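Input: structures, listed below.
The following pair of complexes shares a single chain, subunit A, combined with subunit B in the former and subunit C in the latter.
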Partner chain A sequence: MNMGMVFAILGAALAAGLAGIGSAWGVGVAGQAAAGVVSEDPDQFAKVLLLQLLPGTQGIYGLLVTFITLSRIGILGGTPVDSVAKGLAYFCACLPIAIVGLISAFHQGKTSVASIGLVAKKPDQFGKAMLFPAMVETYAILALLVSILAVTNIH
Partner chain B sequence: MAIVSMQKLSVCANKKHRKAILEALQAMGAMEVFTDQIDEEGLLKMDTASRRAQFERTADAFDQALKKLKEYAPENKKGIAALTGKDVIDQKTFRQVVSEKRDYKRWAREINQAEKEISECKGTILKDENQIVSLTPWLSLDVPMSESGTKMTAVLIGTLPGVVTEEELFSYAAKDLDDPAVTVKVLSSSSEQTCVAAVCLKRDSGKVEENLRSKGFARPAQMVKRLPREVVEDLKKDIEVQNGEIERLKQMIASYADKREGFRISADYYRTREEKYKLLGTIPQSENVFFLEGWVTADSADQIIRLLTDRFGAYVEKEETREDDEEPTVLRNNRFSRSVEGVLESYGLPTKGHVDPTFIMSFFYVFFFGMMLSDGGYGLIMAIACGIILLKYKRIEEGLKKMLTLFFWCGVSTAFWGFMYGGFFGDLIDTVAKTFFGYTGEATLLPPLWFAPLTDPMKLLVWCMLFGMIHLFTGLGIKGYELLKRGDIVGFISDILAWYLFVLGLILLLLPSSLFESISGMQFNFPEWLATAAKAMTIIGALIILVMSGRSQKNPAIRIALGAYDLYGITSWLSDALSYSRLLALGLATGVIASVINLMAGMVAKGNGFIGVIIFILIELLGHTLNIGINALGAYVHTNRLQYVEFFGKFYDAGGRAFKPFKTANQYIEVKEEK
Partner chain C sequence: MSDLEFAYAVARIRVREKSLLSDTDISQMVGLKDQKSVLSFLMDKGWGDPDTGSDPEAVLMAEEEKTLQLMKELKIDPAIFDLLSYPQLYHNLKAGIKEVMDPDINERAFYDHDRYGRDAMVRILSEKDYAALPDHMRAAAERAYEIMLKTHDGQMCDVIVDRACLDAMEAAGQKSKSPLLRDYEESTVAVTDIKIAVRAVRTGKSLDFLKEALAPCRSLDVRQIAYAAAESEETLLTYLEDHGMKEAAEALKESSSAFERWCDNRLIETIRPERTNPFSAGPVIAYYLARQNEIKMARIILTAKANDFSEDVIQERVRKMYG
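So, the complex of A and B:
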């Protein structure tokens, strides 16, 4: 196994790892807020659960990129990486979702906490409350897109 | 497809029909009554506060009784309450219960009284138990705790802190005594306290007590005049008695189980009356007549007027809508589009004179949702599950029914896109074929009808943008339609048409460029005239925006500056269009995660024979359940976002007020219409 392969796998690991850390953090803080709301008003369970799950998607996006990468570099399919340059290329392609996933999930978690507070006070405003965390997610989606396009176009 | 037009009515009727009219209106539930616009000079209002409070208390008492019945005599009702809907009661039963309302009130009172007694019994038990705990250390004492001694001897009973042995105790007690005639006994001992009894001659008692007190001796807090053992036995008996009493009361409450329906009817009856009295309290009335106003839908207006005039001899007038009237909004859509009304409501209802976007939105909503979830298997599961619930439960609560209908259609669309992309639980068919049937071919067994997104994500991205532009242009078109309807031709040309020209022109300029070709790998060769037309469109559009956007300003410099600023708004079009890339990203996410699940299941199962199959099925069930959940959530959230932010951003002003008709306040029952 050459250094190229190491870089490619490092990139894939970072994509799932960092984005997953971000999501774990985001879902964690949102879950604490959600539990607080449910302790006062159990009827809001379904709504706050949805809001809690919103920052969880970054981890999935990271996993997605990891899987696509692994299935192209000879781990789960595809051809092994034969040069350091190509390995670094995979590494760099994984970075957007790794970094943006980490930070956006962090902030989306905070926004979810605020939205959960909103739902606690005004349950009928759920539609709007859902929108605020979804706005943050846009940037994770854009990063995911860049990562996917880059990984799938390395030849 | 539209906002229903409303009619304002004003009613004036004889006071003696007051309650009957309100009841009729309440039963119909078709009129939003308001009284705050009536000129009240010389008119009086009835004070209904005390009656209302009384009704509310009665309804609460029934609720309370029902709650207790549910606790002590659970119903074996099938299904979830939200799905089965309210109990349908026929008129006869309803009238029967109402005529016996005094009895029901009494029964409810009895239940609540019994519940009060139950909690009293529980309180007594708690007290008894506490006393038993405090007496337990004294159990081995065979004289009453209040025993003071015989003629010659004195008894000292009490506690010392910490653990004390009998020897230590004796040495404490007999200290400085010449003739230590003292007997001591340790009754019980724990790390906190030691319970002791000491017997001594009466003459020594002062000295002994002083000795012990210097070591922390204290008389017990509660003096029982009898043997502790006996007292504890009595307390235990009492607990049994109380428990028996609780059981009896519970049985008593449970014996009312057959009155449950009557309680439900009564609770709703009083709640509805409370609602009626609430309105009654706001109605202005003179000596003989009363007045009220209300909104009804225009098509039901005549029917209501006829009812009020024929049956009650009321005078009803159709009123012109005034400028400052806040007309409530009622939406009316076909059966398919109705299902997204909930989505619209949670953003905000439209106001009168604007377009109800539900109809147009419903198609985009279902289309985009399907693209994001995009899996044949998941879509079928969603559609079948929602379909079965909708078929099985006919009387689902309205909001939930809309939601389920929406997800049924979203499921259908998801299945459609799944087969377009070639996804059926990810690549389940291929995985099963390869793992268990030794299929080794390269080609997939379920070829996509269109193409697999992962093979050419760029192509799909371009399509997503295209769908997005159609969505955005439709939104802009709705705004243009509203402007035209208002006769604002200048506004239409400068705010709508100009943008169409400008954005379309730019797209047409971009498509044949080498930049676009290198990004997407698609090549467009436009004829000469189209290229020229594109340039012309862009320039004309930009010029109109530049000159006309700031037309409300008199100062030409500011006007042009505003126009230039608006021209910069093209960046928002770019970001809006890019936003539709989520259609691709979320679509890929479902498929790829599903494939990961299949891959894991396949790896474990391969070559493990029968056990392998079982593990395979377990992993598949768990994995796909998780995936469908998280991705359906993502698709729901982001479809909403595309509608709320991108689509509504182009034209929609919420701010409508929901129609709140004066109606019955039923929580449990629904009274069947008389035929």
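So, the complex of A and C:
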């Protein structure tokens, strides 16, 4: 296996790994808060579950970029990477979702905890509470788009 | 406990905050016709337990115990919990000394405590096993018990125990990592010192009494306060005005209850800024203190209604609520 292939696989692994770590952290901490609310008020289960799930999307975005990359570099399909430059190109293309996914999931987790606190105290404010963590999602989506566009346009 | 682990505890507290008494609830209680109606209002809100019946003091103690139980369930840092429960612990010491002297004392006068409940405290004092008490309590327990034994001076016994409680709170507050707890303990000691000085000047207590009762703290020079209070109320007021406590002095000039209200409002203001941080012990501590405050308000209103105080007089004594 040449170095180009190594860089391409490393990029794909980071996309799934870092974004997944961020999501696991975010969903975990939001889950602790959600469990706290449900232990006192079980009727809020559906609302706090939705808020808990929001930081989980970055992990899915990372996985998506990883699949697209693997399907283009000869692992799940496509042609094997034949140069270091091309391998580095795939590596760099994966970085936006890897880095932004990690950081945005971390902050989205914290925002979800705050929103769960808001729903716990004022259940009727659920709509507004959803918006705060959803705003953080914007930047994960932008990073996802950049990564997909970059990965699919490497020839 | 890491900051992130507070997410669970704070979320539970957020739900509980909905059932805290609001300023409107307090106004409603003040407007009720008698103690029975106030008690019924509180019981409709879930206060008391099946064992308390319609005994107001038993209902209030049951609420304090419920709050302590919740704090235990949340598994917050034991140091924080210990610090918050110092007043109850020292209360048990006072009640224990009095029970050893007079075994007919009401059992409900004690707070439930894992290690220093009624039975443990009475045994320790009866056997003079002071080593079984926490370090910060031993010397005060021995001294207060001996004074009670020799002189039957209940007031001096209370002064010694209360001072030891303030010293322990101040020391633990300074060691605490929580800025809220540090500020709160500092405010509590300072406000209590001012209260003691005011009561002492109005009842003509000596300088020696003041030196015994006032606990040192960072925001007050208790030596100067003791000298000012030993001289006259005017001197004490001047001292407070000159040392950033103008509002306290003005409240004192207005009335005793206005001053008491200022004391409680100052403590509530200390905890208010920390209510919103979900990754700190702040909201948990703020909730605990808010519960203490509402129990105190309920006690004031129940006592006032039992003594047929007018609504205006009661209103003057009620304080800001946390909610």
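Operating definition for what follows: the second predicted complex is superposed on the first by the 155 of 155 C-alpha atoms of A that agree within 3 Å, B and C clash if a C-alpha of one lies under 4 Å from a C-alpha of the other, contacts with A are read in each partner's own complex, and residues count from 1 in each chain.
Everything below uses one rule, namely that a contact is a pair of C-beta atoms (placed from the backbone, for glycine too) under 8 Å apart; a residue touches a chain by one contact, two chains touch by 3 or more.
This structure is a prediction, so every number in the text was calculated from the model and none was measured.
Enquirer: Looking at the combined model built on subunit A, do subunit B and subunit C fit side by side or clash?
Expert: Overlaying the two complexes on subunit A (C-alpha atoms) leaves subunit C and subunit B fitting together cleanly.
Enquirer: For A:145, using the defined touch cut-off, is the partner it touches subunit B, subunit C, both, or neither? Pick first, second, both or neither.
Expert: first
Enquirer: Give one of first, second, both or neither to describe whether A:126 is in contact with subunit B, with subunit C, with both, or with none.
Expert: It touches subunit B, and subunit C stays clear.
Enquirer: Considering only the touch criterion stated at the top, classify A:34 as touching first (subunit B), second (subunit C), both, or neither.
Expert: Touch status of A:34: second partner only.
Enquirer: Under the stated touch criterion, which partner chain does A:155 make contact with: subunit B (first), subunit C (second), both, or neither?
Expert: Neither partner.
Enquirer: More residues of subunit A in touch with subunit C or with subunit B?
Expert: Larger number of subunit A residues touched: B.
Enquirer: With both complexes superposed on chain A, which partner does A:64 reach: first (subunit B), second (subunit C), both or neither?
Expert: Once the two structures are laid over each other on A, A:64 reaches subunit B alone.
Enquirer: For A:110, is the partner it touches subunit B (first), subunit C (second), both, or none of the two (neither)?
Expert: The answer is second: A:110 touches subunit C but not subunit B.
Enquirer: Between the C-alpha centres of subunit B and subunit C, what angle is opened at the C-alpha centre of subunit A, expressed to the nearest 10°?
Expert: 50
Enquirer: Go through the superposed model and pick first if A:50 touches only subunit B, second if only subunit C, both, or neither.
Expert: Once the two structures are laid over each other on A, A:50 reaches subunit B alone.
Enquirer: State the minimum pairwise Cα distance, in Å, between subunit B and subunit C in the overlaid complexes.
Expert: In this superposition, no C-alpha atom of subunit B lies closer than 10 Å to one of subunit C.
Enquirer: Of all the subunit A residues, which ones make contact with subunit B and with subunit C?
Expert: In the superposed arrangement, which is not itself an observed complex, subunit A uses no residue for both subunit B and subunit C.
Enquirer: Quick check: in the complex, which residue numbers of subunit A touch subunit B?
Expert: For subunit A paired with subunit B, touching residues are 50, 53-54, 56-57, 60-61, 63-64, 67-68, 76, 124-128, 130-131, 134-135, 137-138, 141-142, 144-145, 148-149, 152-153.
Enquirer: Could you pull out which subunit A residues touch subunit C in their complex?
Expert: The contact residues of subunit A facing subunit C are 29-30, 32-37, 39-41, 44, 110, 113-114, 116-118, 120-121.
Enquirer: If you look only at subunit C, which of its residues touch subunit A in the complex?
Expert: 4-5, 7-12, 14-18, 278-279
Enquirer: Taking the complex as given, what residues does subunit B use to touch subunit A?
Expert: Within the complex, subunit B contacts subunit A at residues 343, 345-347, 454, 457-458, 461, 578-579, 581-582, 584-586, 588-589, 592-593, 595-596, 599, 630, 633-634, 637-638, 640-641, 644-645.
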